[in-house]
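Okay, so chain A shows up in both of these, paired with chain B first and chain C after.
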Partner chain A sequence: MTVDLGATTTSQAAPDEPRRRAGSRRRELASGYALAVPALVLYAAFMLWPISQTLWLSFTNWNGLTSSPTWAGLDNYRRLVGDDRFYNGLLNNLYWVIGSWLAQGLGLLLAALLSAQWIRGRTLFRTILFVPATMALVVVGIAWEQIYSPGDGLLNTALSAVGLDSLSRGWLADESTAMSAVIATANWTYYGFAMVVFLGGLQAIDRHLYEAAAMDGAGAWSQFRHITVPGLRNQITLLLVVSFINTLRTFDLVYVMTNGGPGEATEVVAYHVYALAFVTRQVGYGAAAAVVLTVVILVATTIFLWLREKDS
Partner chain B sequence: MSQRSQHRAYLRPASAAAGVLALVLAGCVGGGAPSSPAADDGPTPGEDARLSVISQLGDNPALQGVLQRLNEAYMEANPGVTVDIEYLTLEDLTKTLPTTLASGAGPDVFDYDANESSLGELARSELVLPLDPYADEYGWTESLAVSAASRTTYDDALFGVPRSSEAVGLFYNADAFTRLRIGAPTSYDAFIAAAERLQEEGLTPIAFGNKDQWPSGHLVGAALHSMTALSTIESFETLSGSGSWTDPSVLESFDEAARWAAEGYITPDFNGVSFDDALKSFYAGQAGMFVEGTGVTPDIIENMADTSVEFVSFPMRDEDLEQQAQGGVGGAWAISASSAAPAIAADWLDFVHFSDEAERAWLQAGVLPTTDYDGAGVDVPALVADNLSVVSAAQEGGGIGYWTGYSTSPLVTDAWNSGGQLLLAGDAAPDEVAASLDEALEQARSNDP
Partner chain C sequence: MSAVGRRLPAYAALVVMSVISLAPLLWIWSQSFRSSEAIASDPVGVEWPLRFSSYVEAWTQARFSDYLVNSVVVAVGTVAIVVTVALPCAYAISLLRLPASRAILLLILLGLMVPVWSIIVPLFYQMRSLGLVNSLLSAMLIEAALGLPFAVFMLRAFLRELPMDLLEAARIDGAGSLRILWSIVCPIAAPAIQAVVVFQFMWSWNELAVPLFFLQADEVRTLPIGLTFFQGRFDTDTAVLAAGTTMASLPVLLVYLLLNRRFVQGLTTGASK
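== the complex of A and B ==
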């Protein structure tokens, strides 16, 4: 009888265990989802909903003031194909992407220098050099606008002081220098971020590789080229992708410093989108340009990452 | 001579101003049969209400003071009404107001640019109330000058109360001109001779900053209105017109303005200089002339109290044309379509713009009237009297034209902003700029129902 009871107890306990585990797993899942709900709601409200709205608006004509946009089908996209100003913006963006590589190069150079053990006060230098990366772009734009100011701007004053008056000009007023001047400002804010990322990467490189290379007679440049750069591949990829995305969607500096001028010399696609939607009140057309810009960023980033993966 | 006594020297007898005003404002809007205000007017005058007002005087503390005093007087006379005024710069107002109105959260009353491309667009989008019933009820129809009212009338309905009459002319530093023995720039040849002489003396002949992009409209517009008949200008500065920016006289005027830049008559690197900085260089005596609208007069009076500044009509390059001037009105009061108290809003407008107290206060501050106000008993600074003479000369001559590139549509304005910079920098030919303006105008006209 006792055995029977025991057997009964044992036979009842065996199937209860997985049920308990399953119940516990369900509860964990439920609480996990519950915890994720606020983030999902926020993501849906502030990302998915605006994205879907933008996509929908791109198929309409709307001035942003009337209550009802009118359906336009693919008209906005067809118009975009022949829009020279959109291509001009895209070209300016690409110029900016290439220009941003200078900031990464500078970041890499500074990181390599500040890794040298013989430099005293490295932490202080790193902190000082990183400061521009912490500043709001609007503030940076206003400050650099003063630096570039024609006549008594800091840059022109400095050039005059060293006898280079002939180079003085209205840096943002001249069609041939305005874009480079804006890119230089952006690079000033960006090199610090690149430097910090590279510094992190440098710390992960085995010091013994440098010692071995030195024993084999490799000089500083050779060590940099054959050890440092390959060791920073992941950081380089990360920075190229991040700067590519940031550069293509850049807006603040152009808005603050030049309004896209002179003429359209510094107009990038994001500024063009803003002007279409909020200045000329072609919200639908501006939305179409924004959608195309997003697709360009997604496609280019995907190709870049795919090539990187394939290469490695 | 103390600053105070110098300031007094600017004052002239009211009769002079009154005489000019009588000329300026000859011919007001004809009175029609009074019509009733809208049925759903919310609270009516005498009842309690709270009004929100947005003014574009954000960067003009002197004029803010005038509006503030008038508002306080209104609230004192109407104890049940509270009026909250927010001051924004025109730039901030233009960026934020349209979407605020579209969301239904706009102010009851606001002060906006008065032309087809700005207030007209809000009217077409049914975001502002037609004011005709109030105009009839309060007598605005009889009081407003025809030319001023025309800038806020779209599809035969009045949508705004023009706040100030404005015309672009030529400010010059009379002290510098006297010191350098330069003749007053009252003819085109004298204007060019003055520019050359100032240049020889190491001064900037014409203060000009175009970083903000819109000032090119005023400078090139001065050349345009000195060489092109107003009827031609009207044909491409209105949506209902059928004219083109490629008219030969327009191209010639673009060429002339570009020549001023090429000859170095205007501030160097002007596309990198802000309007404010250019104006400051005129204040500081670094530039001898300033081509701008009468709207900057209060600022010049305030900042150049120790300098003798005079204002003359921008001289006609084509002497076969009668004197005309670029301009129109400097802003207009409008009532939001979503206002819960439009009748109170109209009553407030009537007080702060049309009452004798308001007309006098605005004129004394340098704001030119848009009504038949005769200025009797009002002493005005000499520069304001000059303003009135310039407006009068244009009214009696070929007329007051349009804000170049800013009158028809935001599309044209956008084309102007980049085209004006390129034209003056010599990076685009007049016909290229005109073609881009025509393209934008054509699109605007095709969008206009």
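== the complex of A and C ==
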């Protein structure tokens, strides 16, 4: 994703009618800003203003109930630095980010298969494989919670059908498998998205490159490395950035499937913030955790996009 | 390797992944036509005749009829707000040569990175002072503000490719910006607008965090929120939960199957720019 933020081309004013031009340019500017205003008002009221409020709350102590927050300076941030539960959440988020790369890889593989010229039923496969990506995470969470359930879940039933009874367990209740089980569920909703994005990129790669490479004796792997991957650079960047942002702010599946448990085994930062603000009523402290994670996302995304742009 | 030897594993992989993609949903849907006792004794299976009483129970006792209406209202309202404000904004910052275009775009892109739950608390107090808690409008406004960055980004990526000559010609003929937006930009940008509509509808329909905090009263809950409460209340009644889950999943699946091409087109144009 090359984010070209440059302004659009500027036109050359005709020398013979400078005044009329200046007048119409002024009108164009005025109407232009007028057209942008509704979006900016909505955005300022329900995004920028609450962001500024969160920032302010992070420097206060507040239980969310009494009349007003009290100023706490940097106390919340100091406390965060030594809070193991915050790091636990952050680590679970990072595990989730890395786990999601499996889904991106699977998406690439599926896209490569579907773009083979001899494949029949391409549209049907593509349509089916994208279905999980359209589902509400609440629906997904409820379905997979039952798949993982200890007694009669689909996973345990399948395992015992192939004689692997010894592996069956309550997948979400076991501390050693709970996080992986939630990430696998998330991945189920990710690969279709990656596949469709990659398919679009593959269509744009010139077929002749592959033919020429094959004539030069390049094997499938070499073609993949030297033609496919460079041809998909934009898509790979986009997916890495999008999946990074989305996995760091993920909340829904944890809320529906485990509530962060067992213990804090599946607690991600988003769920921690939620618990701080609405369960233990430490609004200021929760705000500080939210600010830190937002800054992490912002900084990492900016560096990533900047490196990418410098590279190309 | 022979052609068959190469093709068979490819088809096998695609079929296996298709089964994995559909099996969890088919399994839940099948449970909605069975009794909880039957599900407990044999998790996979179907009994004839199919039973529909779980749907009746979900529809009436669990108020799923209300949740469905609320979900439709919120999703349609959010889509309407997003398109109405994002299109003029994207048009202004991509085609009207505003000196502040870049600043506006950067400011809006910031919203793509902010997690919604980090602004939920201040939003809650803001909505309360506006008297909008437990009103469907609050969810629409917040979801629209959250969806705006993607819509502006996507529409701008599309509008930037429009030929400037066409707009110049219209302007010389005396057409104002609004007129040009309505009669030239809108028709040309129709595919991008449709993609925004489809994605925004899906996101709004599936949204959990916003209605969870702003639509807490039973009569304003949307389907996903209804489902989470339902999950707590009817924990043992697997069949009714399955019926509710089915009702929440089918409408968006239907929209997807009907507008399948828009989804794909939206993702591919959005990704390459």
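Rule of thumb we're sticking to: the second predicted complex is superposed on the first by the 291 of 312 C-alpha atoms of A that agree within 3 Å, B and C clash if a C-alpha of one lies under 4 Å from a C-alpha of the other, contacts with A are read in each partner's own complex, and residues count from 1 in each chain.
What we mean here is this: contacts are C-beta pairs under 8 Å (C-beta built on N, C-alpha and C of every residue); 3 or more make two chains touch, one makes a residue touch a chain.
If you're wondering where the values come from, they're calculated on a predicted model, not measured in any experiment.
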Practice task
For A:D152, select first, second, both or neither according to whether it touches chain B, chain C, the two together, or no partner.
Solution key: second
Exercise for the section: Kindly classify A:D83 by the partners it touches after superposition: chain B alone (first), chain C alone (second), both, or neither? Expected result: neither
Exercise for the section: Please name the chain, chain B or chain C, that touches the greater number of residues in chain A. Expected result: C
Exercise for the section: Look at A:V279 in the shared chain and tell me whether it touches chain B only, chain C only, both, or neither; answer first, second, both or neither. Expected result: first
Exercise for the section: Scan A:W171 for contacts with chain B and chain C and give back first, second, both or neither. Expected result: first
Practice task
Using the touch definition from the top, say if A:G263 reaches chain B (first), chain C (second), both or neither.
Solution key: first
Problem - Which of chain B and chain C A:G64 touches, first, second, both or neither - result: both
Practice task
Mind sorting out which residues of chain A both chain B and chain C touch, each in its own complex?
Solution key: 64
Handout entry: chain A-touching residues of chain C, taken from the complex the two chains share
Key = 3, 7, 10, 13-14, 17-18, 20-25, 27-28, 31, 39-40, 43-44, 81, 84-86, 88-89, 91-102, 104-123, 126, 141-142, 144-146, 148, 152, 160, 164, 168, 171, 176-178, 181, 202, 205-206, 208-209, 223-224, 227-228, 231, 238, 241, 245, 248-249, 252-253, 256-257, 260, 263-264, 267-273
Completion exercise
Per the touch rule, the chain A residues reaching chain B in their complex are 63-67, 148-151, 169-175, 258-264, 275, 278-282
Completion exercise
chain A contacts chain C in the complex at 1-3, 5-11, 24, 27-29, 31-33, 35-36, 38-40, 42-43, 45-51, 53-54, 57, 64, 106, 109-110, 113-114, 116, 118-119, 125-132, 134-140, 142-144, 146-147, 152-154, 157, 188, 191-193, 196-197, 199-201, 203-204, 234-235, 238-239, 245, 248-249, 251-252, 255-256, 270, 273-274, 277, 283, 286-287, 290-291, 293-294, 297-298, 301
Problem - Residues of chain B defined as touching chain A within the complex - result: 95, 98-99, 101-102, 121-122, 125-127, 211-213, 268-273, 410-411, 413-414, 417-419, 421-422, 425, 427-428
